Amino acid sequence: MTSHSPASRGAGRGGGLRARWRRGRNSPPSKLRRRAGAAVRLVAALMLAGGVYTFLAPSVQAQEDVALSTAAQQGKEIFDNSCITCHGRNAQGIEGRGPSLIGVGSASVEFQVESGRMPMVRQEAQAERKAPMFNAEDTQKLAAYIQELGGGPQIPSGPLTHDMDADPEALSRGGELFRLNCTSCHGFGGGGGALSSGKFAPSLTDVSERDIYAAMLSGPQNMPVFGDNQLTPDQKRDIITYITGQLQDGGDPGGFNLGRFGPITEGLAIFLVGITALVFTCLWIAGKS
Amino acid sequence: MKRRKLDIGAVPGNVARGADERLQVATPLRSLLNKVFPDHWSFLLGEIALFSFVVLLLTGVFLTLFFDPSMKEVVYDGSYTALRGTEMSAAYASTLDISFDVRGGLIMRQMHHWAALMFMASIVIHMFRVFFTGAFRKPRETNWVIGVTLFFMGFFAGFTGYSIPDDGLSGTGLRIASAIMLSMPVIGSWLSSSIFGGEFPGMLIIPRFFIAHVLIIPAVLLGLIAAHLGLVFSQKHTQWPGPGRTNENVVGERMFPRYAMKQGGFFMAVFGVIAFMAGAFQINPIWLFGPYRASEVSSASQPDWYVMFMDGLVRLMPAWAIEIPIGDGYVIPPMFWPAGVLLGVLAVLPMTYPAIEARLTGDKKIHNLLERPRDNPPRTALGMMAISFFIIATISGGNDVVADKFHISLNAMTWVGRIGLLVVPPIAYWVTYRICLGLQQHDREVLAHGVETGIIRRLPDGRFIEVHQPLAAPDEHGHTHLEYTGWVVPKKMNRVGALAPAIKGFFFPIEKPSEAPVSPGHPPVDPAAKREEVGSSH
Amino acid sequence: MSTKTPSTEAVDINDPKLSRFEIIREGARRDDIEIVHYEPQFAPGSKAEKRMVRIVAGFFLITGVASLAFLGIFIFWPWEYEFGAYTASKFYTPLLGVTLGIALLGIGFGILTWAKKLLPHEISVQDRHVGTNADEQKLTGETALYMLDELGLKRRPLLKGAIGLGLAPVAVVAAAPLIGGLIKDPHGDERQSMFKTGFNADYNDGKLVRLVREDGSPVRPEDVSAGGQITVFPGISHGATNEWADSPTLLIHLRANDAAKAAEAADADEINKGAYYGPYVAFSKICSHAGCPASLYEQQTNRLLCPCHQSQFLIIDNARPIFGPAHRRLAMLPIEVDAEGFFVAKADYKEAVGPDFWERP
């Protein structure tokens, strides 16, 4: 399994360097070129240092290799290919690039990788949801690796929603919890909302049960963590039951829901549909033909 | 007893005669039936508001039959599963019952809400029409003031209606309303505590708002609407300038039968559009908002669109407070400026605009003829300035949704609004002014040189010119001296009768274009079957 | 103008030779209306006219069908709410709206087409009677002035004074019960509610008030994970209801390095000194701007955003406002852990909670 993104990114960077180099040859040595040269030397020195370190400290790695299960071992391979650039060797994190993943648990890995947020394409205000890069199997392997490496919260096995027939009250309990803990960012209709400076709470309209559970457990990005002591696994199931049962699949008894954005789209609709239709009617009534 | 034979045909006549003997209605009734109304599409916009109001009354009465304006805590046990067992106020529970446990209740609720949005939207559109055509000038200043008051009464009617279901969104709105009251210098806390009957939210606000919403405000609205229409009747409608139209007459149709029938049909159309929207689009799904809790809120909390401009101004206001270091210290919070001062200005300024304009222009004449927007560039430009201000404020009222859906930073949206509010209106003024002058200029050009024919002629010296068809006999310089009357100037050949008339029909032709060969020399064949001077064929 | 046309001078409306239209014209003339153009749009019985009649009839028939559909749906369609996505009842309201809309639009456009196409075109000119009648003004004005003079207020100064002093209070009497009954002193009640919240020990028989969840269960430090936040209420009776609308509080467990910064900032502040408990801080959830729950907590940037007007507060700097219209920070609740290991408020908020008002210090 190789990742496309780092490879292509590397190719792009290489092209850029080559182009710059060529430009440099045609023109007399510039300040820019001198600075680029310095950077290249610095990178080379760092790589050398890294190589020496790896060479000198192989025992740490060897020890962990022993402890890992087969799945985790495969996960580690994926990690070393696709994640290590930002999260560093043994998921220790790299200052300014990616956080340490020690202790985040498999829940976090599943959420980030399954929803395509990780690997990130570039550093930005917030990782965007996109098509996942790894299939479910590889995600599980990665998750197993991070879990065995540093422990942390895990998505429990078994159903993540309540059976509405056996426990019809779950829906209203979940709604109650949803409105207290979730709506402030994700909105009454689960359509998401804006946060400060370009960050946002994503829409919940097509999010899977596992993703919701993992997000509550791990607090991805700016979302607060809702640990099991705060919202018990049962309460989390209540909330998921409400989100999937009512918000996603509950339907709208009053017609098209206008995106559930609230009064702003209703205001737009009254002008674009209602007033427009009636102004055309006026034009026709008073028209000469 | 001798039974007289009943002559059915004579009954209406006899009844009418009997009525007139008692009530003496014949003369006033005839003058009513005969009243002449000018016909133009823009004169129908106010009717949308009137008809929406009727729909509001009809649906509103239905809703009061089921609504319980009480803040007493109850436990919901209705059909809507996702709230069963939840504690909520009786007001919210009964609104849920209207939505789910009354047959056809949801459609009534949605019609009521859409009609409210329609009412306010048509008031605003109608107001624009009146403003841009100068219809507010003497003698109609009073009616303009009534109209502005109607907007603000509608604003309060809407806000109270938005508040009384006591759902999560309406409670948030009430909280902000209470903060606006609190922000008033000196009297703030007294005002809020008097209206809420103590500290927010208390137990009284829903019943109080209910009575304001169903009795006080509708009564005032009814009175104002009656006065508004009465003045339109007694002052007679304004009309556009044009052939045969003067400041002293009204050219149009008598009220009966055609005009009144059109009005009746239009009422049904407005009603129909509202009903259609109420079925097609879900509005204010209170069941998702949950009962109001002081600790719960939703992202993208906004008021209805006609309050959004105020919310937008509050959002854009920088955090400027005035602290007065006397004693324990007093404060005028930032909220006071947009929600107190600016709202007051936005209410008073439009009301006094007719007086301001009359003072500035020194115009004390009576105006029954309208002005086209282009013919009064300063006014039109001012109007566009106000509209751009209103639109920016309104968009800012939902700037978090815009930021989220178009992936713009929320903080950037706020700054765009702050800067835009100051920069865009002057630009709108300047651009509008230039456009008005340009349009005027074009009209004058046609009056002076004639209509562009599309015929290009090459002169002996090699130049190309377009041939113009003068609208009257030109003088020796090729100029016609026609008066600029402020009405539509023909700009296409078929408008001066030189070509076949434009094809009739609104979207699709309802007749075949005239097949007779046409040229400027031969007027087209008239498609009408026969012309009578004044017919009495019925 | 129209009345001055010579032909209108003498029309005997009882003249049997007059057609009905001529009588109508005469009626209009007496209302200063001249019917200058009155012409049917289609020749009676023409093809075009018949077509229009068919269109109007068609509209009315559409109404009939749609109305029957509306009634049928209203009565027979399953209307009671059922849980689930595409149950039949979800279409009840849309179907009602659409059929009603079609029915009403059918009538509307039927009538409109009828009026617009089948009734004769008409142009009438009515006189406006602009200008005022000076004689009338004088007559009315004199009458009004005379009535005023007859009261003789000028000659009878005592009455003038008596009206001012004696009758003016009556106007107030009318207003007093209406408005006076509403007035309520915001600082009058013994709870002093504008400056106190449910975390005040006075409401808990002098005992420190616990921080509890919405269901009343107390909160332990380990209940909130690092990077987590929880909405807490005063642990008194009805503490989580709207009766205590100013009390909802956000308890936040900061990450270690953020906690250090927050503690440093709090200790540097006179009021917030020592109000935190380890990495736990508690701030009022009620926005200092308009009172919405400012609860959009961003755990990495430690900003708290209010969804109503986008004020942003920096939690690790005493919840200082850093963006938007709010100008004062959120009040901090001093917290500690009691003997049983549950969070309690050491004291009530030291600053007034909620939106600003004039006399708030």
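Each chain gets a letter, A, B and C, in the order it is written, and its residues are counted from 1.
Everything below uses one rule, namely that a contact is a pair of C-beta atoms (placed from the backbone, for glycine too) under 8 Å apart; a residue touches a chain by one contact, two chains touch by 3 or more.
Because the structure is a prediction, the values reported are computed rather than measured.
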Innermost chain, taking as reference the mean of every protein Cα atom displayed: C
A-B versus A-C: which interface comes out with more C-beta contact pairs? A-B
Report the inter-centroid distance (CA atoms only) between subunit B and subunit C in whole Å. 17
Separation of mean Cα positions, subunit B and subunit A [Å, integer]: 46
Centre distance in Å when subunit A and subunit C are each reduced to the mean of their C-alpha atoms: 39
Send over the residues of subunit B in touch with two or more other chains. 81-82, 100, 106, 110, 262, 265-266, 269-270, 273-274, 277-280, 293, 295-301, 400, 410-411
For subunit C, write out the residues touching at least two other chains, lowest number first. 81, 83, 92-94, 97, 112, 116, 214, 231, 293, 295-296, 305, 307, 310, 312, 323
Multi-chain contacts in subunit A, i.e. residues touching at least two other chains, fall at 171, 176, 180, 184-185, 193, 195-196, 201, 245, 250, 252-255, 281, 284-285
For the complex, which residues does subunit B have touching subunit A? 39-45, 48, 81-86, 99-100, 106, 110, 114, 117-118, 121-122, 125, 168-169, 262, 265-266, 269-270, 273-274, 277-285, 288-290, 293, 295-306, 308, 394, 397-398, 400-401, 403-405, 407-412, 504-506, 510
If we count contacts the way the header does, which residues on subunit A are in touch with subunit C in the complex? 164, 171, 176, 180-181, 184-185, 193, 195-196, 199, 201, 219, 221-227, 229-230, 245, 249-255, 281, 284-285
Per the contact definition, I'd like the list of subunit B residues that touch subunit C in the complex. 30-31, 34-36, 73, 79-82, 100-101, 103-104, 106-107, 110-111, 171-172, 175-176, 178-180, 182-190, 192-195, 197-201, 236, 244, 247-254, 257-258, 261-262, 264-280, 292-301, 311, 314-321, 328-335, 366, 368, 399-400, 410-411, 414, 529-532, 534-538
Considering only the defined contacts, which subunit C positions touch subunit A in the complex? 81, 83-87, 89-90, 92-94, 97, 112, 116, 214, 220, 222-231, 293, 295-301, 303, 305, 307, 310, 312, 323
Give every residue of subunit C touching subunit B within the complex, in rising order. 1, 19-22, 25, 27-28, 30-31, 33, 35-40, 42-44, 46, 48, 74, 79-83, 92-116, 119-120, 122-128, 130-131, 182-187, 189, 191, 193-194, 214, 231, 233, 240-242, 244-248, 285-286, 289-293, 295-296, 305, 307-312, 321, 323-328, 354-361
